[in-house]
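Take this structure, written in structure tokens, and hold onto it; I'll ask about it next.
Chain naming follows the written order as A, B, C and D, and within any one chain the residues start at number 1.
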Amino acid sequence: MTSEREYPGTPLTDGQLRRGEVLLVEHEPNARYAWDAGVAIGRSLAELKKGRLVGRECYRCRRIVVPPRMFCEQCFRPTDRWVYLKDSGRVNTYSISYLRWDATRVAKPSIPAVIEIDGASKGMGILHLLGGVKPEDVQMGMRVKAVWKPPRQREGSIRDIRYFRPY
Amino acid sequence: MGSIEQISQIENIRYVYGDVPITFQYTQGIAGERFLRELMKNGRFLGTRCAQCAYTYLPPRLYCERCFASLEDAWVEVGPRGTVEAVTVAHLDLDGEPLAEPQTLALIRLDGADGLLVHRIGGTGAAEVEIGTRVEAVLRPRRQRKGSILDIRHFKPTSS
Amino acid sequence: MPDPVAIIGIGQTQFRATTPGVSYKELMFEAASRAYADAGIDPRRDIDSFVCCSEDLTEGTSIFDEYVPDQLGAVLRPVHTIGGDGIQGLAAAYMQVLTGVFDVVAVEAHSKASNILTPHHVLALALEPGLVRPLGAHPHFVAGLEMSRYLAESGTTREQCATVVAKNRFNALFNDAAAYGADVEVDDILRAAATFAPLTALDTSAPADGAIVVVLASEARAHALGADAVWIRGAGWRSDSAGLDSRSWGTAAYAHLAAQQAYELAGIASPSREIDFAEVDDTFSYKELQHLEALGLFGEGEAGPATEEGLTAIDGDLPVNASGGSLGVGHLGEATGLQKVVEVVRQLRGEAGQRQIEDVEVGLAQSWRGVPTATGAVVVLSRE
Amino acid sequence: MGLRRVAVVGAGMTKFMRRAMETGRELAWQASSMALESCEMTRRDIDCVVLGTAPDTFDGVHMKGEYLADGAGGWQKPVMRGYVGGGTGVFSPIQGWYHVASGLFDTCLVVCEEKMSTCLPHPQAAFLTIFDNMLERPLGPNLIWIFALEMHRYMTVHGVSKRDIALVSVKNKGNALDHPCAQVAQKITVDDVLNSETLVWPVSWLDISPVSDGAVALVLAAEHVAKRVTDKPVWIDGVGWHLDSAYWTNRDLYYPKYVEYAARMAYRMAGITEPRKQIQIAEPYDPFSYKELHHLEGLLLCGKGEAAQMTADGVTQRDGDLPVCPSGGLLGVGNPIAAAGLMKVAEIFWQLRGEAGKRQVPGKPTTGVAQAWGDLMQVGTVTVLRT
């Protein structure tokens, strides 16, 4: 049955669009937000501005989690206390990106990585970028440390850390 | 509540800005393309008619939403005059700010159609338009038309 | 008739125009903590499935279902999101229990409306993109059109609509969770500025933030837990045409059809006699009246006069929106329907405090997804 | 209360295309009306509609379930739209299943649609908005980043090479040559994959499914209706779905535990105790080449780290011992996200009925599994179908 009948659908080519053969409507959405950071991320951003990473500890499962949250997703109960973490860690996994977020190409690749943060429980990673290293020299399990913006340039953002570098 | 602690100093309240950094580009579809091209080229309104349901879609649809029949070859000309079925006067723009000039918008049943077209009301007597008022389409000059619903400038009250 | 399904727990936050200082996750966590405490259950052990109601662009996050599990105790469990109102979410949970595969299912909905900086631009993205959105109009024009048609067809007056506003905002004074309680006179309401005439600013509910969680259980499980159960007798949901061109404008066909479905399941033949009170959608003042008529609780054109006569007041024959409704509580986006469900549960449990309606056995909650949709849902709940 | 049996009785789909002339609702109608015709039913015979589509930023319509509803046959009917990110396409028939299994409805039209071409400059831009708004979006991530992170982790833990993984693209794009709806069917070699542009190492151009427009629809029916409308009902005997934590950087990405949990749920319901023996055909989710391997492991169709060898041994070829993605998968047919997942369920339906034409696998399979995955490497959705 599937091989015999005609399937609907009218594919358009780039050429048809370029030549204006198809009517189009464009709309640039004006969808803007200011999201409440809340207790956990609010504190986390404030600590980033001071050059520190912070996690939360759940007394029941004894995990120290980062990014911090006011609830323990494993135990379903409130997390109990703040814990300062080190600004160093270990590369859990990484990739080498030749794409910007909008899929346009870049000449100099970025190196996104999941970095397990020292002082948090095993396996607690965050997403960030690696720097100060050639892509071919990065290794799984490599030790890395945060490179911070100067204090006066920090604004309470994950980007207050420029990147993590091997150390 | 729920959490062990809350933010208790107002200056510790933070928020993070963001948006949706995309542009959308829509096709008008099989039915919409034909509708707008006819309006652009010949200034005529084409609907599609489901004979089985005795219902004429305007704007036209490729299919009857009631019986699901294909209406690909069921084009009929309607309008350009019609009757106002509902009317509102908009005083606010999309930012919620007052419009410099209030804008009358209406649901218009074009003669021969069952479906309703949403559009602006303009011209003399626009402020007096009410349910039941007869109106007719005012199109932009042929050369200014772009194959858009805005090729219709507005509908204006008419005596016939 | 399907097996009865119980509501065994409800939890909500306060509803406020803004909720600075808590993230949406923390707001959801509070509502969930309260609901699970109310039901006397541990979600990590006792809940079989979770449903969240949300739409991406109201969150500002695409495929928002990603961010649902953690704060609900739902990690590594069956969880799904619906792009629908809280009562549709409740219906999704209801069906899951009816399959016999799931004993306990939780439903969540929330609003962080205050976080949307451009709410009407966002709502305009729900308008049909080719032929309607290019008109560039604020999407509430759809309500202005509908109100004009409803008033003309039903003979309802603007005064009657204003009476709805006065009633609901007054009721909200007795609801600690409500954001917009106020004692306002009908004459003053009528003086409000026209927004999309005949609609005015005060005919329109204002947004609020908040989160709600409701826990459902099978009959056997509800009994085993010794729950203070309220029973779902029937639910229905319908969509009229999404197109502005071909939908029913004067009457709310979606509400009528959804109610028929719910009444049939509940075995209700005469809704106005068998239903003791209702929480119906009042996103706009006229919608309460239009919906009451579509639900068969009043005849066509009779809801307005009945409201003026006080029949829908808390001490009337058929109290409507005793909670304060969306006009008094604040509009909670997709959580709006669950706010109404929670109120019906509280009333049936006898826990509504100063706004408690006397001698109630059967209540109805109804939702509408707001402009530009023609979608709504109905649930009938009873004490026994 | 006994479980109500639910069958798939009809299926339809549009071509998968880079850019369709049709609007999303027109695509939905095309697939829906084809599905209805395939089982000689009309819209009147349908009690309710389930829509699967996500995210709204693809079609560029807020609350797009509402917008699409009339094209999906939803006019004045109960319509519900569910979504679990990329897992949506296989979740939608699960949602349809619970509509019918609840006893409230006898028939359900399940429709999945995606029109990704609406998104400029590229649908990847829409993916930025799936990331955590506070801590991740400021880093400018794209979706391929994180899948490359997952792929790399998988390769490292199991010692799997890019060459091993490339075989999946070769197989699926080749299989798609027999699919009349396919967008990117082609005969390629492992070296073609390895030599294609590196987008985000280790992911190359030919490791990725394309951006697509398209729609797919299924008709579901309760047992008494199914037996009336067809002599070849295909039963939905097991369903499972699980969602893991949003804190994806706290999880070890080498293994999709959520897929395993979803599979176990579905297998339990279907009475499957030895999946590799009891399942004869599989359509795991393959938006990226490595995902097919990852998912075969999560579905317990092989041991952890064994999928690459199984692929190299030819087991997963269309004429192999366990045909995997005989449709051509997302890598070959295309990836209009939700519709692509439902295409997999439709493929199992056609295969089990012996109606897959040139794609038909040998041996008259009686049990098949379709699976999808999505969100932040977080959700597994699984459906077991049987004749």
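Assume contacts are C-beta pairs under 8 Å (C-beta built on N, C-alpha and C of every residue); 3 or more make two chains touch, one makes a residue touch a chain.
As the structure is a computational prediction, the values presented were derived from the model and not from experiment.
Trainee: Looking at chain pairs C-D and A-B, which one is connected by more C-beta pairs in contact?
Mentor: C-D
Trainee: By mean C-alpha position, what chain is farthest away from chain A?
Mentor: Result for max centroid distance from chain A is chain B.
Trainee: Hey, how far is the Cα centre of chain C from the one of chain D, in Å?
Mentor: 33
Trainee: So how far apart, in whole Å, are chain A and chain B when each is placed at the average of its C-alpha atoms?
Mentor: Chain centres of chain A and chain B, defined by C-alpha means, are spaced 41 Å apart.
Trainee: Compute the distance, rounded to whole Å, between the mean C-alpha positions of chain A and chain C.
Mentor: Chain A and chain C have C-alpha centres separated by 36 Å.
Trainee: Where in chain D do residues touch two or more other chains at once?
Mentor: Where chain D meets two or more other chains at a single residue, that happens at 19-23, 57, 60, 70, 75, 120-121, 125-129, 132-134, 245, 247.
Trainee: Give me the residues of chain B that touch two or more other chains.
Mentor: Only 2-3, 6-7, 12-13, 15-16, 18-30, 32-33, 65, 94, 148 qualify.
Trainee: Got the chain A residues that touch at least 2 other chains?
Mentor: Residues 10, 12, 22, 25-27, 29-39, 41-42, 45, 69-71, 73, 102.
Trainee: If each protein chain is taken as a node and each touching pair as an edge, is the resulting graph a line, ring, star, complete or other?
Mentor: Looks like everything touches everything, fully connected.
Trainee: How about chain A: which of its residues touch chain C in the complex?
Mentor: Counting only chain A, the residues touching chain C are 25, 27, 29-42, 69-71, 73-76.
Trainee: Considering only the defined contacts, which chain B positions touch chain D in the complex?
Mentor: Result: residues 16, 18, 20-33, 62-63, 65-68, 70 of chain B touch chain D.
Trainee: Which of the residues in chain C end up touching chain D in this complex?
Mentor: 2-3, 55-58, 60-63, 65-70, 74-84, 88, 91-92, 94-96, 98-101, 122-123, 125-126, 128-130, 236-243, 253-254, 257-258, 261, 265, 369, 372-373, 375
Trainee: Can you list the chain B residues touching chain C in their complex?
Mentor: 1-3, 6-7, 12-13, 15, 18-20, 24, 26, 28-29, 32, 55, 57-59, 61, 65, 85-96, 103, 105-107, 114-120, 131, 148-150
Trainee: Quick one: in the complex, what on chain C touches chain A?
Mentor: My answer: residues 19-26, 29, 32, 36, 42-44, 57, 60, 69-71, 73, 75, 112, 114-118, 121-122, 125, 129-130, 133-134.
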